[in-house]
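Inspection log for the structure reproduced underneath, given as structure tokens.
Residue numbering begins at 1 within each chain, and the chains themselves are lettered A, B, C and D in the order written.
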Amino acid sequence: MAATAALREAPSPRDATAAFPAPAVSARPVDRAAWIAAFAHVRAETERRAAPLSPEDQQIQSMADASPTKWHRAHTTWFFEQFLLREHLPGYAIYDERLHYLFNSYYVAAGPRQPRIARGLITRPTTEEIAAYRAHVDRAVTALLGQASPTALEAVLPILEIGLYHEQQHQELLVTDILHAFAQNPLGPAYDPDWRFLAASGARGTVDLPRGIAQVGHAGAGFSFDNESPRHDSLILPCALDRALVSNRDWLGFMADGGYARPELWLSDGWLAVQAEGWEAPGYWRRDGESWATMTLAGIRPVEPDLPVTHVSYYEADAYARWAGRDLPTEAEWEVAAGGGGLDDAFGLVWQWTRSAYTAYPGYRPLPGALGEYNGKFMSNQFVLRGSSVATPQGHARVPYRNFFYPHQRWQFTGLRLAQIHA
Amino acid sequence: MAATAALREAPSPRDATAAFPAPAVSARPVDRAAWIAAFAHVRAETERRAAPLSPEDQQIQSMADASPTKWHRAHTTWFFEQFLLREHLPGYAIYDERLHYLFNSYYVAAGPRQPRIARGLITRPTTEEIAAYRAHVDRAVTALLGQASPTALEAVLPILEIGLYHEQQHQELLVTDILHAFAQNPLGPAYDPDWRFLAASGARGTVDLPRGIAQVGHAGAGFSFDNESPRHDSLILPCALDRALVSNRDWLGFMADGGYARPELWLSDGWLAVQAEGWEAPGYWRRDGESWATMTLAGIRPVEPDLPVTHVSYYEADAYARWAGRDLPTEAEWEVAAGGGGLDDAFGLVWQWTRSAYTAYPGYRPLPGALGEYNGKFMSNQFVLRGSSVATPQGHARVPYRNFFYPHQRWQFTGLRLAQIHA
Amino acid sequence: MAATAALREAPSPRDATAAFPAPAVSARPVDRAAWIAAFAHVRAETERRAAPLSPEDQQIQSMADASPTKWHRAHTTWFFEQFLLREHLPGYAIYDERLHYLFNSYYVAAGPRQPRIARGLITRPTTEEIAAYRAHVDRAVTALLGQASPTALEAVLPILEIGLYHEQQHQELLVTDILHAFAQNPLGPAYDPDWRFLAASGARGTVDLPRGIAQVGHAGAGFSFDNESPRHDSLILPCALDRALVSNRDWLGFMADGGYARPELWLSDGWLAVQAEGWEAPGYWRRDGESWATMTLAGIRPVEPDLPVTHVSYYEADAYARWAGRDLPTEAEWEVAAGGGGLDDAFGLVWQWTRSAYTAYPGYRPLPGALGEYNGKFMSNQFVLRGSSVATPQGHARVPYRNFFYPHQRWQFTGLRLAQIHA
Amino acid sequence: MAATAALREAPSPRDATAAFPAPAVSARPVDRAAWIAAFAHVRAETERRAAPLSPEDQQIQSMADASPTKWHRAHTTWFFEQFLLREHLPGYAIYDERLHYLFNSYYVAAGPRQPRIARGLITRPTTEEIAAYRAHVDRAVTALLGQASPTALEAVLPILEIGLYHEQQHQELLVTDILHAFAQNPLGPAYDPDWRFLAASGARGTVDLPRGIAQVGHAGAGFSFDNESPRHDSLILPCALDRALVSNRDWLGFMADGGYARPELWLSDGWLAVQAEGWEAPGYWRRDGESWATMTLAGIRPVEPDLPVTHVSYYEADAYARWAGRDLPTEAEWEVAAGGGGLDDAFGLVWQWTRSAYTAYPGYRPLPGALGEYNGKFMSNQFVLRGSSVATPQGHARVPYRNFFYPHQRWQFTGLRLAQIHA
């Protein structure tokens, strides 16, 4: 898989010795050592991703949607302290009560917090002090896992597990956020000069789905987020999904055909974004004489035609599909096709926009308490993406996983594959 | 049906002598007189709705989402001139080429246009001059319908028909826009002092839908908008829809329980709207000592508990459902239940928010040309509403009709009914 | 003097029979008939200026700095009701208490008021109803002037007098505001098709001022605004003021020399305005093939080289002076030169920017009460203009008169004359 | 003088061994060693002020008006490279051409530059790399001073001198900007825990100026900025300036009397600022139970009544003067009084707002070239402050020095003294 130097040494999730994913929460007896290892593994990965960044790099927030590296490191730590240690480790001394305000993200039920837009203004604690905060919490969680009674563990493990997946989500954001920050610098700094994106599979043809009722959503004993439930029946209409992702070569064809200058191809809100933002190419692309270059984790590089297109918004994906006379798949179609193993590059390159608005599965109810804010409250104005990206940590992606972003956003590694509905 | 004085004299759509809806476009031989009557009927209704308004009233645009009365009157006229007369009436002389720029709404393919936000700045032509423009176009369309060859009529009638439904949509907007404008005036002017909202049915109980595949979307020979097609199968999961609409009494219960002050009840974007806009009650409500009054088409009136709640946004509808431990129905559920005749007050009181994001039906493709911009380009960030409202012209509403607005908007007559998914 | 048809019939201020200016407030015995005539004269002039405008024209507010015609007519009426009738006419019945909120402008001490930005949203009272309001107040003021005791008149006349000058200021704004409104309409409506701007005098040469102490500010028994006092000594350094105003021909030279594209000519805030607003010519100018046209009170007309340049901001005036290697005069220099009669076109064409920031004369204190808000609270961020314009009512302009606007504003008839400081 | 630890070790300007101010530019023979020492002294002071700050601290820009510490260090270096080395050191190799874009501030004539608002997004070069850039330029300038021919030195010294004063201005901004940044952090970090503000003198009484013509502006051989010239006659009217600054105790009296809630005390633009910003006390003040605390360079501290009030805007200073029935002095009055030595605490505590708008002295012309942008282009919308503050470097302040800020700004150490005009 394409990855930064920092990323690519991570053990494969298919590796029998992998520390992650951890055992199922319900497995008995509880394998404490495995959970401790999983915790250590995930926590270390965050630090490994932050390691190439100077204190200055870790400080800044380049837009409201992004957060400082430093903040990601502290917020994921706060998550364990707030939801795990504060309630489940008797006698645990909060590291510094003042950090609670600074590193709560959006959990209204967990109290007031630093305004999102102002996360980049907190220079103290420093990156070093945040390392100390992380170490303190790491020790406490490890101790808790080693010493908790079996009964206590039953309450602890589900929170631990969500905390690990939560931290992995921030690992991905850490990378996409610093790419955005570096893209603001005319010098185009490299996060990792050796980083390379792998070419797409080059597969041709389609995966054809017949009409039928399919089960959609999470099943089984492994981890899932609440928004993947309830598993439910879904009617699949006959359709065909491309095996391959849309490539930069494809996209250059769209551009050459006036794609960014033809309002009839665009959603109304999308056309407003094109005009307001001056879009004329995917995110981070910049003209380089007669050709195009793009800002990457390795700095500014030529656009390579064989790579999957990335940093496109939903609006762009939708316009591209209309231009091609095709559709984006629904998330159910994607899930059925990917579950059958027929999609190339489903994981590990780019998140794939679907034409499904992000809404609740039938009968969905959020969890009680602050963790109920995790997914449910974002169910408006966003679209679902499926798969995973080059920035997604190993062991994180799963077929029923539902990612979601606003249709104008494009700082994630977001791309698309086309489909055709035969309705 | 509750209506303004202006509205309530309109013939019932069930009236055999009704001039509207017109005959089916495909009926042969073409009944020219019926089409001429339908055209006259719809055009007259616009003027009847504008009649209580002074030139000053007709001039203003009270927010970007609204348009001046005068503009509605001119734009609907432009629609016939642009799409019907310009192409289909040989020798037709454009009334004033300069009006094209002023009264195109959002048809990018039809050329540049006055910025939406600045529609209220056009004082000339005056309301009287627009009446003359309307009369000119009325004469030309009537002449065309009387004299066109049968072959020509085949091309003309579909455009005429969409023009009539288009004008009816603007009739509804004309009323909701002037209500918004009047609500900005501390004097609270009345559009019609005798206007009254009818009480909701007071029905109890639910309509229960069993699991099954249902056909959804437009069928048959009558008129429909492109976004109602293709008709397609939809899987209905077991659910129950309330027969009754949510009433003001219900809503006061939500408010008394802190509904507007409890972030856990709200979507994240909804909570931002609550805070940014200072919402503490439905749109147009204002405190009146210990109780509540509301701006209506009859001026400022006490809030009546038995009336259906209206002027609530999707965000409010969603929060209310969460508070009640219920769901909003999907648009498919609503369509099946309403098609079976089980829903009270499905039409004529308030549009009902569904939990369905407004997206394309499977296999949908927009029409070619400028009219392809009619519905398709708005398929992001909006939610579907079903039914019709007190401001909807008679003969306009139909079961498969898909209305749509942004989730923060509440200047339409928008309310809700609850449902329960048994998934 | 150049004027609209509406304006140019006004009697000259030098006409012995002129109803305005009125007698000095301190003249004894009080000439009641003269005051009644002056009041009638000024009030009629407002209506004469509004007469060419339709109700729609009178309704709109085309930007925050402008106000609707209708509002000007009502606000000037409210001024007499609020400050004169309410306190000084025993038994006077307020016409409609609700108008107080609507038509107070910025007198915080007089209570809350309609937000300035939303003046254009008040369609009721209509223009006709405002005419009735004006008539009501006119009758009451006339009665008061006829019947008040001599003692009462002593209190009444100073307020009446400021009310008359106040109304004249709004007469000027009425014209400049409607010009701005009409300029937003692509049709370019004419306020008065026969309106013409008079050519500037074409004078050459300068008025030379020697070094010396001069008295500056209001003197004598006639009317003045509080900001013209105290009269005080001012040191004049040797300087020379051009007899002539800068013309369109001059300005085209500045433009041809890249004036709008050379940041070194501009104040920093001015250059920001150039870029943000896209200025490339004076306000209302638009390209017409190879030459320039401009929106005027007579509609869109070619730019005439011999006319004084107008609708230029302070930033533009300052850049022009820098480009020319000259200065703008100070307001004291202007006052001394104009007082000596040496300046051509000092009055009646364009207000002339000075390089004096608008601040208090030494020892200035505002009047007590709400009228103290008239001038004093605007003494920051604005620059002084001297003279008067084509839109200024006859009898209003005086040598010590201090007009003031923000340096970015250019919807008034604002121009400039150059000077040279020999310091 | 009150100062941070970093600041207070600086040699007094009255110290005979002081390295700064340097010799007069015109002194012959040129004392190369003295100039090299002055250069070293000023450059070292910048680094001394930055030393307590972590890389994270040095990175952020907490508002558009402020700049990162790191940027100040680099920009002052760029200034010497751009204006001195590039033109006057034969064979000088630009350290890194890419830095030119990043560290030009507002010199339009010197080419395009990083948008001001985005200075905080440049994490590379790092603080360390900027130290290397500084060292490189320091060596080159020192070499130039040692080896330049006498003729070359004639051109070099005036630029060197303005570069030194320029750097001192940024030393002050460095401190005020980091205070603003720290004030955004709820933890209230201390720049220097030992920092203390000295109490004001406690003087009573006034300095009385008689009517007369005074010379105002720079005179003599020492350094001055262009905006202090030409020296010119100014008419002083009889007035009295308080010996003492307004103190926190005084200000608490204004607050207790409703100062922030009485619109009649405020300029119109000032009252808008009060409402928009929610001002209810000077900048950085925050309620602490029944009393007030304030963010300082030593962290959050109680407000001490005997200290001069600081972090007040012009609007606040003006409102205070109106409340007190007094005036702010003009800059000429201040200069005459301070020149006579009669003002206590004229220097070293707080900059003192005058009621003089910042405009050109009669006959002023900016320097040619990019350095002409230094002062002249800011001559609109700002007010003059006189004296110097606790953050001003030693040796920088002079009686005719004209500082200027926008009337709403209050992140500088800005205070006031009152006066009374006897006009």
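Here is the rule we go by: a contact is a pair of C-beta atoms (placed from the backbone, for glycine too) under 8 Å apart; a residue touches a chain by one contact, two chains touch by 3 or more.
These numbers were taken from a predicted model, which means no experiment stands behind them.
Engineer: Tell me which chains count as touching both chain C and chain D.
Structural biologist: Chains in contact with chain C as well as chain D: not a single one.
Engineer: State the chain with the largest centre-to-centre distance from chain B, centres being mean CA positions.
Structural biologist: Taking each chain's C-alpha mean as its centre, the farthest from chain B is D.
Engineer: In whole angstrom, how far does the Cα centroid of chain B sit from the Cα centroid of chain D?
Structural biologist: One centre to the other, that is 60 Å.
Engineer: Quick one: report the Å distance separating chain A from chain D, using the average Cα coordinate of each chain.
Structural biologist: For chain A versus chain D, the centre distance works out to 46 Å.
Engineer: Of all the residues in chain B, which ones touch at least 2 other chains?
Structural biologist: none
Engineer: Can you name every pair of chains that touch?
Structural biologist: Chain-chain contacts present: A-B, A-D, B-C, C-D.
Engineer: In their shared complex, at which residues does chain C touch chain D?
Structural biologist: Interface residues on the chain C side: 106, 108-109, 213, 230, 232-235, 237, 263-264, 266-271, 314-315, 318, 355-357, 359-363, 372-373, 377-381, 383, 407, 421-423.
Engineer: Under the stated contact criterion, what part of chain C meets chain B in this complex?
Structural biologist: That would be residues 54-60, 62, 70, 98, 101-102, 114, 118, 120-124, 126-127, 181-182, 184-187, 189 of chain C.
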